[in-house]
Amino acid sequence: MNRHIAVYPGSFDPITYGHLDIIKRSLEVFDELIIAVARNSEKRSLFSIQERLDLVAEVIGDDARVSLDTFDGLLVDYVLNRGSRIIIRGLRAVSDFEYEFQLAQTNRAVHKEVETLFMMTSVSYGYLSSSIVKEIASMGGPVDTFVPPEVRIALENKFRADKGD
Amino acid sequence: MNRHIAVYPGSFDPITYGHLDIIKRSLEVFDELIIAVARNSEKRSLFSIQERLDLVAEVIGDDARVSLDTFDGLLVDYVLNRGSRIIIRGLRAVSDFEYEFQLAQTNRAVHKEVETLFMMTSVSYGYLSSSIVKEIASMGGPVDTFVPPEVRIALENKFRADKGD
Amino acid sequence: MNRHIAVYPGSFDPITYGHLDIIKRSLEVFDELIIAVARNSEKRSLFSIQERLDLVAEVIGDDARVSLDTFDGLLVDYVLNRGSRIIIRGLRAVSDFEYEFQLAQTNRAVHKEVETLFMMTSVSYGYLSSSIVKEIASMGGPVDTFVPPEVRIALENKFRADKGD
Amino acid sequence: MNRHIAVYPGSFDPITYGHLDIIKRSLEVFDELIIAVARNSEKRSLFSIQERLDLVAEVIGDDARVSLDTFDGLLVDYVLNRGSRIIIRGLRAVSDFEYEFQLAQTNRAVHKEVETLFMMTSVSYGYLSSSIVKEIASMGGPVDTFVPPEVRIALENKFRADKGD
Amino acid sequence: MNRHIAVYPGSFDPITYGHLDIIKRSLEVFDELIIAVARNSEKRSLFSIQERLDLVAEVIGDDARVSLDTFDGLLVDYVLNRGSRIIIRGLRAVSDFEYEFQLAQTNRAVHKEVETLFMMTSVSYGYLSSSIVKEIASMGGPVDTFVPPEVRIALENKFRADKGD
Amino acid sequence: MNRHIAVYPGSFDPITYGHLDIIKRSLEVFDELIIAVARNSEKRSLFSIQERLDLVAEVIGDDARVSLDTFDGLLVDYVLNRGSRIIIRGLRAVSDFEYEFQLAQTNRAVHKEVETLFMMTSVSYGYLSSSIVKEIASMGGPVDTFVPPEVRIALENKFRADKGD
């Protein structure tokens, strides 16, 4: 069990500058980071699991310290199976806090040896969420201050496709 | 700069089972932990800086991975001076969250390379604070579910002394 | 660009005394008010866009300072197109606050020159929402303390119709 | 109108140790307790109204002070019809608080004579909800610290059935 | 141990319409109510313990179901000594919630058999506190919508006296 | 009564970039802005009322649309006396929200014709407060990202003076 590998789970539907900020800062604290994209949120997601993985891969680029994976089922089981016991989560606001608190307490009730560590998102991304980005993109609004260029293009394609162009 | 040393700062006036929970869980994540007792809160504290340090030392016992220290001035300066760049904080409730958020953002504005990581306190200690413990002890109430025996005795002595016995 | 025209956007599904309170107070502050009913919420709305507009019109009556409109797409684009740059929103509770905060920050990221101004709802309407009104009406409960008579009748008709009478 | 009968309403989909804690503590305060299972949440519920009632009955066992019922329509109407005027609700967290506040204020606006009394859930169940229990069970995770054995078995059967076994 | 006696503790410095609302509604639920004025807050209080008691007595008038008392030390001890095991508290807002949650959990840790029941304050008094009333009165502002006439006069006398008239 | 004059009240102890952001944005919405520095907070303030006024004046510079004033007593009385009926306040976080909500409701209870309008602080200043700035400056930390140069120098002089240099 390596204490210096952390797991950063999420839907990444799609990855935003807010996620990138947490990833970058996690790599300052831990030796390795596993970005774990949740399969089970697929039904409600805009991008397929493969599209979400591809966008994360493009945006992260080559970094030997980062590995990319998908998971379903209980997150704590996944974390232990990967030889880690640390989950990283970003906290933006009070509503986040309550949900994350409930999740972290439940995870501890299931597997006490898995620890969730929280980082406050950088102020510049404190209001940012994948949902808001998708909402703006769906109305044709500009999203370049929220997501990297690759993601912006993917959003534009997705919503153009939806309109049958 | 060792990434595996974390600093757990606080007033520890006095140390409670809530603090001990965070200390124990931090040691599962980091190789070394520096418990840093804040000097500047001295004026408003019940126990002197020396008393607070002594209680922490008694309660922690011998553990090569833990070192005990005091600090004043800017916490981020202290953390860097000690060769660390990780601050550990416990989060109990929403009011904690806002204060800690403000603190973490300000610390990052001063020294961007210092990261604050948060742990949700265990449910059993979610409502626990040094202030509440002192308030109960000051009225002669039982505090043994909140603090270790050494601290309970120190509290009893402190409040007995205050009443001139 | 007239600084004294404000836009009050919402779903108004249906308009309540809470909305009327904000409208009345906005007219004490601004010369003109555009009530902008959101088209995009139509799918999930109880009343059609036309029904919602008609109810607002009936309830507001003739007032040269108020104009009524619909919008879809990005609110900030709409506001600028209408020659305004002020959005008015009511704040009821903490959950409102976080959502509105996120919305206001995102709007500013898209068009910095549009400003969102918030009013605290009057205490009497602090707990009131269109959703709660619809829920009570759907169970046959009394809604006359929450909405004007025209809206109460529309709600009764809507739910009677739903039951196939 | 007996002041010593209280109603504890909810979806109980399914009943958890958190509900049992509130039930037990309510019986220390009131002479009789009516557990009222909401019919209207049926569409979105995992267990049918009959299954939910059966699980509550099994878990509560024989207790002359407790009666079990279902309701639909306005809760305040139901409470008055049952000869009670006291609603008991558990409060876990801030998000609970705002929703419950809105509900209690609305109920009072409809029938002023019905009073809602809140209990803070015990710390051990502060993070617990039927939704989280269902989510964990759906992924095959252990739920025995959250629900009584009867409920655990029902959850296992439900999710096994869902998978076509 | 009579289950139908409740204790309503507080500083009552001074009593407001918000307190009166809770008192009146408590008497709809419980047979007897003990209003318990906290002695320990005396140092920081505007009115002396005797003045606070006198104002409560004047405002409540003769009511066989209400008794008036003072307490210091642990509230839970006091409640048990008075043969009650029910504490009544009003909840106004989220900040109240967190403090009251902490208090209720601590009280239960000390004496598990004492239960705290919460009522949401009526919307009209949701923003009202003794501190705000004192602040307004100290600046010569009108307080008649917040406190009964007896209390308004006492406030005026207190602040006139403070200015040396 | 001119509807286009707004009052921005506060302690300004000292003025920060957060205040400047609100001032600048208020001038986009209102024709004139009165910056009203509160006298009554003087006892607890670091800077005297004159120093606080001087710093605001220096930082704002010459702007015909802005006037600078002090006030004590009830804010709503002051606002009406100045021929305005609009108060501007910045909202940073949930804790702000509750306090401001209470204040705005109380002000409306005293003078219904005075309206408080809230702006969400820009994300970059969301965590910023005069208190935090003073705390950092008092420990010799850098404050140039939080306050204009004039204020930074004033803070340095103040804390140097305090140390007897």
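The letters A, B, C, D, E and F name the chains in turn, as written, and every chain counts its residues from 1.
Convention: contacts are C-beta pairs under 8 Å (C-beta built on N, C-alpha and C of every residue); 3 or more make two chains touch, one makes a residue touch a chain.
What you are looking at is a predicted structure, and each value in this text was computed from that prediction instead of being measured.
S.K.: Mind listing the chains that sit against chain B and also against chain D?
M.R.: Of all the chains present, those in contact with both chain B and chain D are A, E.
S.K.: Common contacts of chain C and chain F?
M.R.: Joint contacts, listed by label: A, E.
S.K.: Between chain A and chain D, how many degrees of rotation does a Cα superposition need? Round to steps of 5.
M.R.: So the copies are related by a turn of 120 degrees.
S.K.: Same residues or different residues where chain B meets chain F? The copies count as same if more than half of the interface numbers are shared.
M.R.: The interface is built from different residue numbers on each side, given that under half of them are used by both copies.
S.K.: Where centres are the averaged C-alpha coordinates, which chain has the largest centre distance to chain E?
M.R.: A
S.K.: Check A-B, C-E or C-F against B-D and flag the pair whose interface repeats it, over half of the contact pairs matching by residue number.
M.R.: Same contacts by residue number as B-D, out of A-B, C-E or C-F: C-E.
S.K.: Taking each chain's centre as the mean of its CA atoms, which one is most distant from chain B?
M.R.: In terms of C-alpha centroids, the chain at the greatest distance from chain B is C.
S.K.: Using mean CA coordinates as chain centres, what's the chain A-chain F distance in Å?
M.R.: Computed value for the inter-centroid distance: 38 Å.
S.K.: Starting from the mean Cα coordinates of chain D and chain E, work out the distance between those two points in Å.
M.R.: Centre separation, chain D to chain E: 31 Å.
S.K.: Tell me, which residues of chain A touch at least two other chains?
M.R.: Only 94-95, 98, 101, 105, 123, 126-127 qualify.
S.K.: Show me, using the given definition of touch, all chain pairs that touch one another.
M.R.: Every pair of chains meeting the touch criterion: A-B, A-C, A-D, A-F, B-D, B-E, B-F, C-D, C-E, C-F, D-E, E-F.
S.K.: Any idea which chain D residues touch chain C in the complex?
M.R.: Residues in contact with chain C: 40, 72-74, 76-77, 94-95, 98, 101-102, 105-106, 109-110.
S.K.: What residues on chain D touch chain A, complex-wise?
M.R.: It is residues 93-95, 126-129, 132, 136, 139-142, 145-146 of chain D that touch chain A.
S.K.: Under the stated contact criterion, what part of chain F meets chain A in this complex?
M.R.: Against chain A, the touching part of chain F is residues 94, 123-124, 126-127.
S.K.: Touching chain F in the complex: which residues of chain C?
M.R.: Residues 3-4, 25, 28-31, 85-86, 91, 94, 97-98, 100-101, 104-105, 108, 113, 115-120, 122-123.
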